[in-house]
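Next up: the structures, one after another.
Each of the two complexes below includes chain A, the first together with chain B, the second together with chain C.
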Partner chain A sequence: MVTRIDVYPTHRFGNYWLRMGHPFPFGTTFLAGGINFSVFSKAANYCVLVLYERGSQVPLVEIPFRGLFEKVDSGEVVWGEFRIGNVFCMTVFDLPYEQIEYGFRMDGHYPRVSRGQPGIHRFNPEQVLLDPYAKGIGGRDIWGIPPNWEDAFPHRGRIVRDDFDWEGDRPLEIPLEDLVIYEMHVRSFTQDPTSGCKYPGTFAGIREKIPYLKELGVNCVELMPIFEFDEFENSRQHPQTGELLMNYWGYSTVGFFAPKAGYAFTGQFGDGTQVADELKTLIKDLHSNGIEVILDVVFNHTAEGNEHGPTISYRGIDNQTYYMLTPEGYYFNFSGCGNTLNCNNPVVRNMVLDCLRYWAAEYHIDGFRFDLAAILSRDPWGFPLPNPPLLETLAFDPILGKCKLIAEAWDAGGLYQVGNFAAYGRWAEWNGKYRDTMRKFLKGEPGILGEVAQRLQGSPDLYGGRGTGASINFITCHDGFTLMDLVSYNHKHNQANGEDNRDGSDDNYSWNCGWEGETDDLEIKALRSRQIKNALAILLVSQGVPMLLMGDEMGRTQQGNNNTYCHDNHLNWLDWTLIQKNADIYRFARCCIAFRRAHPALRLPYHPHQEISWHGTQAWNADWNGRVIAFMVDGRQVSPIPDNIIYVALNMYWETLPFELPRLPPNYQWFVFANTGAEICEEVWDPGQEPVLSDQATFLLRGRSVAILVGR
Partner chain B sequence: MAFSVHFIMDENTAKVTLEGELDAASAPSFRREIEKAAQQQPGRLVLFLQGLEFMASAGLRVLIFAKQKMGADVEVYAVAPQPGIRETLEKTGFEKSVIIVDNYAD
Partner chain C sequence: MKINSVANNGITIITLAGDIDSRTAPVVQEQVVPMTTEADKLILDLTQVSYMSSAGLRVLLLLYRQVASKKGQIILVGLSPSILDTMAVTGFLKFFSTANSLQEAVASLQS
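Showing the complex of A and B:
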């Protein structure tokens, strides 16, 4: 073994033994005998490491990076400066790292700026700052416990060990077009008592539900933000009901390198390494069950808000580097959340890269979905860049080389880039046009069949040359109505958010099927159920990558609320009794997922060309003007495993219509996989178990129904 | 409570008794005992955990170290862990590689 000669202290500060640290990597690193601390600031000339015993309000010690130290060899007091370039770096020996919390104080030659005032830099040496690279963050260790509002250092860095027994695990690298993504919120998935979980609302809780995910058949979970956030950020009481409203979804990052402690059952132990271990254990087990993990990451802004917001970290370290500022020092607000992270500044760009590399390398994350990603293509003054360096860097990064990169290709500043997001052959997009088109189609809007056809084929009009994997298809996501609400409400009902129903989108393209909200009317209920199945069927036979919203497979409702960002209650928690209550919907979803996974013809990596043909009520004669379309995918030429012929009839007209079926090759017969217009017992079949169709020439399809046939 | 660790070899079984708090400070002494035990090439490792009050991530890593050091065919028993320790073992997936029992008699 090589013994290093630079692992001994050279300096002393009180009872602490030190030496010049390593600038790389930023954050904390374990070295032989010591912990290396490294933090960047271009503008600060004063930096102090502040160490606390866990939870203590009084620092254990404050060690300057520049100051007077005693030399270990001679005992002489000397001036020392632990800094290289713009990086303060120091190794501290013999720290009881599990009990330590740390932060920094910084200052620079800039005028003091008080809260609420604009400023280029906002140094305040009285404030202890969170390390932007902290791998564990304390202060919100148990979800929902009201914080100590007097704590001057509420989000505290913790030192986390990266070693973990992965037992040979590695990212799965499932081809994008083969994924069925399940978008979920860590807490919402199992917090409801009906989940029956031993560790509800946590990473460990999800692990208990892996058998469910397997049964459903999804092979990828996309976790809504899990980087440390503050559920109490801007928490308030509902003006009428007095209910506590919080930052529940978590789209507001405190620290980009730390998993949210409150999402770990082990968070209560105050040990960042155990939190990391719990999450890694979940990922390892998901992988061993064939399920990938994609993280929803929020790099467009931070939890520090605008000039009225709290100083947590970045703005007290180097405001001008981390944020997009007006010349006066106000925060640009392209995120709609107060500030905009300066992602195309080279330092911030590197932080984003370091962060994603860390999650890919140390947590075996399979991919990332970037919230409001259009912001990432803006220059430091907010103008859209033709060749955004951050997006290019991520696309070409070696460590992220096999990671899925998925953009939400719009931002709150009006930049809408669906179809023209800078892709570099790597980026996929949340296809907002798929969502809107299919919603309109489902509610029976006429004259959009040309666009519907594009969406069914993986949107070649948007992603020609990029393949079907570029299109993440979804009809619902966390943002907006659930599928049940999409067919139960014409309008949003967001009163519970305490903003007089002003928040949330008004463009929902929803249809309530005849009554706004809950009803006992059996006919309306049956129609809603059918519309849900129509949506699931369409989503799962479309080329591209289907994404399901958690609970849509069992008819979850948010009672018409299309923006439940602030609710830690039944509006977000998954009610597991719905599996029984809506057993038919669940079965339909499960079978459609299995059908998709059984048929490579539905998962072509390229946009179908000669494989697909278009039909109407007459075979080979589509009427592009109405509400009715059918298509056939001939999977016989699909390599390497030839598939069946699949025929899908979509009748969004309100009357029953006869569909003349295309004639099959000799010795082939049509089998019915799904018919949402049939009685519940004959609606859907397990793939391979489909009954043969009695009339091989014509299929009578009920109004507002979808039929899926297999020719073999 | 201070940490203590005792190791005896009982025929082919290495028996290690842990008491107190197993954290980063005490983990090295546990690790040394495991190394001693491994040298005897036991067929089974039995950890008596009744008196163990707390196990931090560093302690957990010694268990993983033990598993790796002894080899996959050596059975590891965790005897009578207190509820908090048992939960830690469960949530970190360790319950699959150790056999958790309430009491141990050979």
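Showing the complex of A and C:
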């Protein structure tokens, strides 16, 4: 094939060889012999590409997109402009791209706005700005290393190669209802020395623990934010203890296209491509072990905060496009974090789409969970839209066509859309009502059995017509108590956050089982352990998609703190010795996951109808007023592979009760898979190894206990 | 970047010295890849390489693909702990056999 004829420079600027760039795609792209730079701004009339030698405070060169250039062929000096429409685009040849960091200066015909003042645009040509499409970002290369606060350009774009040898890997496309999701934080998972990892706290560390994830039986990990963020954003010292409090969780994005360098072992080398390679290697190996990867993505706001916040990128490039602003130029704050990304502006909508396509195509990501997704349905003035273009665009996008799309269907501005999020037949939701109902049920609240029954069936009252996959069921998640704390504390204990216990939710529906916090009381400890198992059992026999919080399978505690967003310590780090300390909980969780995965009757794609029947202490006669309910799923009708009959008795009353068992078809017998009221050695069995029940007519179930039987 | 090669008993030993990054990787590619067309038993001695960037890792993989396409063998010798870690976590290590010394690599190719 004849070589392309546009791979030669046409212009020269000092020692740099250039030509008019391609406006599409935005960001940096490798072309033959050169790197293409492309950046959008509607409001800027002036733009300069600023190149640095990696880590240097002084630019290597500043190349304007408009000015005088020497023509390569004739040598004459000519006026030139590298811009098409509102996109500045330039190709620079022969760059040592690994050693380069880059940014832009921008200016426009708007009054200067000083920090703290409102403004429609905040141009400042003194400031070097991060490319919103940067695929690698330097500046926080090693987690927790105190930054150079004097650095005027702390978050720098890096040029990243997209070539990676996937060896045929692609997203797994496991049906949503077959997933068991494990929500985890990259650093927390292996940073504790008890992890025994060679690369603690990193993507590589997770890769070391793939055998553990397989043993546990989950088939999907949901990673809390991994887009580049600044762990030092709003960092401060605890007023009493002096401890450093950070932006640990990372729900505050600096750049949407770059993995967090500090989460990579290779971050220390300053090579953005290695960081990408490390994450891709993790994803490839998770996939080859049958585990999907969902990313928790934060498109509702950015790390730039309100008018008092730092200018990093977006607000210095095109403030009015990227953010929702009041007419005076203040930032709307529907996120609770200072600003709100203007997601239904067509340009920002395209950025979100480009971003998700990039992660799906180049990183083989299986799905996305959208933080405070209700914001994505607001118009540029904050009003909820009946047919939000962004949500529709994502739902119908060809590249995202098989990706899981999961909404946290509320925001900090009071928009609560659980059950009526614009779904387009594609979106699933974090089912906050499942969490609240099941927590109340677990602590013995009477009179809610009708709602409990809905939640057990995949919430047909909320998601009728959308199928069980619309309901991501969870009892705990990163926000709020861990499962151990849910049964150990009546109230939040957030003093360690340095906000006088004002932060974090007060509606926890938790019960401490008789004593607030740690105790030596064996009876209380046993009850807590039982309550944890009850919760795990309920979660894993519910129709819908179960999501477990990292560490709940081994009784992880945050010492009553229900909002540990700022702690880089044992409050968040997983203590792996808990597997031994709470071996019974771990075994119970593992068996329940295996049981779910062994029984398609528990993973119906549709809401059960004729398959499910309701019972009480009397078979076929549920009492909907108390704290006791039982149900049976007849898996014989499940296609294509018929399943067993599964019976679940839930006794949230405090006394032992006899449950009359439904009579089985001829030649069938009841086997006991789990009984949280039994002695530890008899409370759960490996699926297929269940012992036959001695009394096939009545099951005596202890108070605050769950039994799961299999008829076959 | 210094590149030397010695062929002996059907085994080609290529010695690289210097950092392999986006500046030097094209040189390695240009000079070393042609060597693989004749040799099917290759030892790459990286004892004097202290840093390998993502471009360096890619040249190694290109070499591996070249050699593997002819059912040849390639062994890496003298990987520094840091390069070994980098190759492990970025997934490149799994393509290669490694040896602690030239003697070990030669013995392995002769067996």
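Operating definition for what follows: the second predicted complex is superposed on the first by the 711 of 712 C-alpha atoms of A that agree within 3 Å, B and C clash if a C-alpha of one lies under 4 Å from a C-alpha of the other, contacts with A are read in each partner's own complex, and residues count from 1 in each chain.
Everything that follows uses one rule, which is that a contact is a pair of C-beta atoms (placed from the backbone, for glycine too) under 8 Å apart; a residue touches a chain by one contact, two chains touch by 3 or more.
Quantities reported herein were computed from a predicted structural model and do not represent experimental measurements.
Superposition of the two complexes onto chain A shows a clash between chain B and chain C. By the touch criterion defined above, A:Asp521 reaches neither chain B nor chain C. After overlaying the two complexes on the shared chain, residue contacts for A:Thr266 are found with chain B and with chain C alike.
Contact with both chain B and chain C is seen for A:Arg161 once the two complexes are overlaid on the shared chain.
When the shared chain is aligned, no partner comes close enough to touch A:Glu53: not chain B, not chain C.
Of the two partner chains, neither chain B nor chain C is touched by A:Glu215.
Annotation: chain A residues 96-99, 161, 163, 165, 199, 204, 207, 264-266, 269, 271, 273-274, 277-278, 281, 284-285 touch chain B in one complex and chain C in the other. Per the touch definition, chain B reaches chain A in the complex via residues 23-25, 56-58, 60-61, 64, 67-68, 87-88, 90-93. Against chain B, in their complex, chain A makes its touches with residues 96-99, 161, 163, 165, 199, 204, 207, 264-266, 269, 271, 273-274, 277-278, 281, 284-285. Remark: chain A residues 96-99, 161, 163, 165, 199, 202-204, 207, 264-266, 269, 271, 273-274, 277-278, 280-281, 284-285 touch chain C in the complex.
For chain C in complex with chain A, the residues that touch the partner chain are 21-23, 51, 53-55, 57-58, 61, 85-86, 88-92.
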